[in-house]
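Two complexes are shown next, each including chain A; its partner changes from chain B in the first to chain C in the second.
For the complex of A and B:
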């Protein structure tokens, strides 16, 4: 895949295509319908700008923001204060503080100042927002909507409160709106395919897995929020200069609901979807507006009925949710190949890295780890080492504490006492997203892929976290896909893969991090014998090729005995055996634990 | 082309009628909210407007010579859609533009028609700043907030009230500014403001506000608010529940059956309205005619105020003798004492928000009685 400024060339050409399409549509409307067409086109372009500003955050993070209309309001008022004629300002805002009064700037200068305001409010609102969980964040944005509305209504000297803010020059012409829409199309598409955009989309698909490959989800959301809010204030500034007069209620629930409807109808997950949604709904609304003036069909004359556009909007939303939950466009982005139907893109060339020289004696060390949940001791002073270059198997009956131990190692569960260390870092004290950078990668018992991303994107997201630029990251990703036998399907969505392929894709993603240690959590669970065999072969090859310490948790005895150099056995939170597979196989404590498990199955707690 | 077409049709008319009254076709554009949050006022206003236009056309048109076609566009109560509709109507060459019952869309649309020199009237926008915000082509038609407040203050003073408490909500210009105008007019007449409280639109619980009023010592002589449904009934119940007996003054927002339906606690409420349809009055007759025509009496006075607008226009067109923008603007601005259903309307000497009759009604035992119909003294109307 060819890149330009670390972004695929197809993204640039796709954005250019989309801009051209929008420009043709806008100019076509003007030519075909004259002044009315020009007005309609300006309004649609402004909606594209607004919806794309929303899509930058909501589309990539998966968190619907209800707050954007209010931030647009901030932009509209800020820019309006700057461009307003001094005479109009004196009569409309007699109590305006002196430093805000009488600027009479042009639109561009006002937009520049508005962008600064946007960054500031984006940072202030983003700091608390990024700390919220996915579900609460949407509610948080609703709080912003209400808070900002109250502030705009309350700041009477500056905004005229709930009264109409008037005298804003109507500077948003068709050409201004078109330029803004094109810039926003490029901004949204480039952001989506950037390193940050990819990280954010990964977190949208699976937050836990994103953290496990080293993505700081909070940071990614924060940055995207600031970018998105800055764009929203600019969109608001342009909309304000289209309206000429507005009040806080024009930037409240109704506005954001229209935008969200457009985004959902078109497709939340792609820039093309956002643009298509705006154009389609604008088209439907316009058509029904014409129809509601009364229709003469020749044989029957329909009377004037109002409310058709809203009816159409509701119907479109309902139909979309029912028939196309991902929106009209779905996940695909507009690109040159959309029209040629040929797959225009050759897969990236695999890059084989020189194996990193590991420090001899590097070791993943579990020391005296104890975890208590209330009165229950899930892990009781567990200690063992996972050395480099070997496969360590971790087994134990259900409820032995394996999952708890893995969570402690990966930073998802703080131990009550004890530590897990790797090359001088205490893993058990690191946040989950830092574990990968220290050198530990993992897979999950219940597979966690980024389903609506392609196989390549799944692995590139990880390779980029290992500090590689996009071009190198793609090469590494292809090499890892190739190793797992998935290279031919590099451009397919991960969600479409069969179970065994999903397991292997997850391993490829973990390996792209170039970890010193790899933790495989039940890699063969749910696989049929043939799939298991292919997995074992891949792992054995990996063991031979890479200087890697592997910790495997597995129920499949045959598999683990065959793979492991050393084994650790847990039972009821305690380590009952450690040694080579042969030593463990004959250990009486192990035999008793396993046979005992069968006999007293009902007494066991879930692990 | 259009002008040419009109010329042709004019000459055709001359040829055909040979000297009979020359009728010319004009279009009036309506960018009003037939759906959404403002439809409660714009829908009935339109119904009245259409009925008046039919009558006027039947009599030979505006000023006796302009046959009116209406171009009606729904704005969905959205300011952006109002701008779009106004631009379309202006481009279509309408002679007069009608805008919704709200300041935002009216000002936004007015800025477009002002530039095109098209006289523009808001259906029932009551914010007195609408006209000055736009310019000399923008006219109000409905009793403005400051006029209502001035009449209420006159009433309060004539009743001998010395102190008033006002309750306002910053959430809308109407609920905020109307009580503030009242306070201004009332203090100008020598009254004092005993205190003021605020509430949020749609607020269910008024316990805090009412406790504040009940704790006042001495109690205010009167309580004034521009709250309306559902806030007003909730407030009134809480107020009387707390044992406050001071009379309550309200604005035209409570001119609905809900208020009379409140029972005993509503007794003594005095509020403004654009008009009261008593039998034998022009408004009462209109209600009967409207009921005969449509099968149902008007549910709100907005039908009547909408009906009045074409007659106001008719008076102006007659005076101007033409429907050219500047001439019609000047004629409108100089109208004086035009008799309409609810009283007399005057623009001369105003900022184009009309000086017009407003009615005060009092509620007793579930019925309204008009107690005064008057034009507030311009000197006592607070500046917008």
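For the complex of A and C:
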């Protein structure tokens, strides 16, 4: 894929295409329907701006925001106060504080100030929001909606309370709205394909895996929120200058309901979907609004139905969620190849990295780790080393404490005592998203991929975390996909891959981090013998090519005996053996743990 | 003395209503993972059922029972029509479904009944005060606290003593295992919705008793508060919902009573800021739910 400013060229051309389409539609409406058409076109363009500002956060993070309409309100009032004619302001807002009064700025200056306001409120609201769990965050945005609404109604001296705020000059013409819509289309698409956008989409698909490749999910959400809120306040400012007169309830539930319906019906996960949803529903709403007063169809007369547009939006939303959960457009973005049907773009060229010179003797060291859950000792003073350039196998019967140990190593579980260190860093004290940057990558027992991202995006997200620019990251990702035999399917969604391929894709993603150590958590679980054989071959090749320390947890004895240079055996939270596969195989304690002895059984019956 | 006591009473009775509503939300969320935006419309159904009952001079106890039953029935109906087809969807899709259901129901109420409030005349006994020695206390808040208490006790007995109640608690911890045990999932879900609707119905009665009228939007504000309560308590946690409801109700009344005059219009903003502070302190709520099945 060719890049321009680290963003795929197809993103730029796609955004240009989309802008052209929107412009043709808007100008066509004006030419066909005159003044009414111009008004409708301006409204639709402003809705595109607003819904895209929502999509920047909600589409990429997967957290639906109910608060955006209120933030638009802040923008509308802020900009309106600035552009309002001084005389009109005196009569409408006699008690306005002096520092807010009589600015009479132009639209651009007002927008600039509004953007600053947007950043400030975005930061203030984003700090708490980013700390919330995904489920609570949506409700948190709902709280913002109500808080801001209450404040707008309460600040009577500035906003006229719940009364109409009037006298805002109608500066948002069709051309202003069109320019804004085109800018937003570019902004939203570039954001989606940027490093931050990709990280955020990865976290949307799987938060745990995103942290494991080094994405700081909170930070990504915070930054996207601030960007999104800034755009929303600007959208609100333009909307305010289109309406001319408005009140807080214009920026409350009905507005956000409309926007969310547009976003979902078109497709939450793509910019093209958001734009398509706006255009489609805008016309549906327009038709329903005209039908609201009653409709004469010639043979029957439909009665007046109050709230018909809301009813239509509700039904559209329901039908979409039932029939097409990804929205009408789905995951694909509009791009030149949408029309040419020569869909296959050239894959990026694989890049073989210069092997990094590692400090010799670097080691992943588990020291005296103990974990207690209440009265249960899950791990009891476990110590062992994982050296570079070797495969260390970790085995043990069910309940031995393997999973707990892995969680401690990867920073997901704090040990009761003891430490895990890697090149001077104490892994067991780092937050989960820092573990990767220290040099430990992992795969998961229950595969965690970014299902609605392509295979390439899955791996690029990791390669970018290792500090590479997009172009290099894509090359590295292709090389890793190639190693795992997945290169031909680089452009397919990870969710569509078969089980064995998913396992290998996860390994490719972990390798793209250029880790010093790789932790494979039951890599062959659920694989058939042929798939296992391919995996073993890939891992043996990897061991030969890269200076890498590998820790494998596995139930498949033959696989682990074949692959491991050294083995550690856990049972009931204790290390019962350590050594070469041959030593372990013949160790009486290991045999007892796995097979049991007659005396042991006898004891159980006796007790 | 009177005023302080009256405020305490108000706080507890308001908190009780929020707690019942939040419980209704939590019962459903714990089992199917749905944050039900249409919960407020269930309240409205109960309100209109009561209105019709009073209009047709049905004896009051019967009218009250009918109102609660109507809300429970409506809850089961929305589950059957809107949410069952979505059983396997993720939390966001479910939330949006209920968002749409809520909007549709509201339009239906506005057109089918009336966009204006309808008065519900209640027996005069409820509008008076109760004299306990030297203190006079409002009858409605007292009755409201009593009803909340009885509802909470009945619910607890149901969940702890009956087979269905135990099945529901099990479902809240792990729905898949429940199915493996051979319990009919659809019945558990239907009962959860019925229970949630009944709780909405009871809170609707208390709400109407304070307001004296019903309108298409009557459920909107209280259920908004109940969301907040359910989240502060810990989404899907039943004890959390009750705790969250009382925390929210008490906070509201406290701010109402002690904020200076000029700041009163901003009361809800203050309250919600407290809520956000609580969430930052405990992102999973005061009493987090046991299961983490959506992780």
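Everything that follows uses one rule, which is that the second predicted complex is superposed on the first by the 569 of 607 C-alpha atoms of A that agree within 3 Å, B and C clash if a C-alpha of one lies under 4 Å from a C-alpha of the other, contacts with A are read in each partner's own complex, and residues count from 1 in each chain.
The criterion applied here is as follows: contacts are C-beta pairs under 8 Å (C-beta built on N, C-alpha and C of every residue); 3 or more make two chains touch, one makes a residue touch a chain.
Here the structure is a predicted model, which means the values were calculated and not measured.
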For this session: Would you check which partner chain A:289 touches, where first means chain B only, second means chain C only, and both and neither mean what they say?
Result: first
Exercise. For A:34, is the partner it touches chain B (first), chain C (second), both, or none of the two (neither)?
Worked result: first
Exercise. Taking the superposition as given, does A:166 touch the first partner, chain B, the second, chain C, both, or neither?
Worked result: first
For this session: Could you tell me if A:264 is touching chain B, chain C, both of them or neither one (first, second, both, neither)?
Result: second
Exercise. Thinking of the overlay built on chain A, is A:99 touched by chain B (first), by chain C (second), by both, or by neither?
Worked result: neither
Exercise. Can A:250 be said to touch chain B (first), chain C (second), both, or neither?
Worked result: first
Exercise. Of the two partner chains, chain B (first) and chain C (second), which one does A:306 touch, if any: first, second, both, or neither?
Worked result: both
Problem set entry | Touched partner set for A:153, first chain B, second chain C, both or neither | both
Seminar exercise, completed: In chain A, both chain B and chain C touch residues 153-154, 156, 306-307, 310
For this session: Please give the residue numbers of chain A that touch chain B in the complex, ascending.
Result: 34-36, 39-40, 43, 91-92, 153-154, 156, 161-164, 166-167, 170, 239, 242-247, 249-250, 254, 289, 292-293, 304, 306-307, 309-310
Seminar exercise, completed: Seen from chain C, its contact residues with chain A in the complex are 35, 82, 85-86, 89, 91-93, 95-97, 99-104, 106-108, 110-111, 115, 224, 227-228, 231, 235, 265-269, 272-273, 275-276, 279-280, 283-285, 294-295
Seminar exercise, completed: Residue positions on chain A within touch of chain C in the complex are 62, 64, 128, 131-133, 135-136, 138-140, 142-143, 146-147, 150-151, 153-154, 156, 208, 257, 260-261, 264, 305-308, 310-311, 313-315, 317-318, 321-322, 325
Problem set entry | Interface residues, chain B side, partner chain A - complex | 34-36, 72-74, 76-80, 83-84, 87-88, 91, 103-104, 107-108, 110-112, 127, 129-130, 132-134, 170-173, 176-177
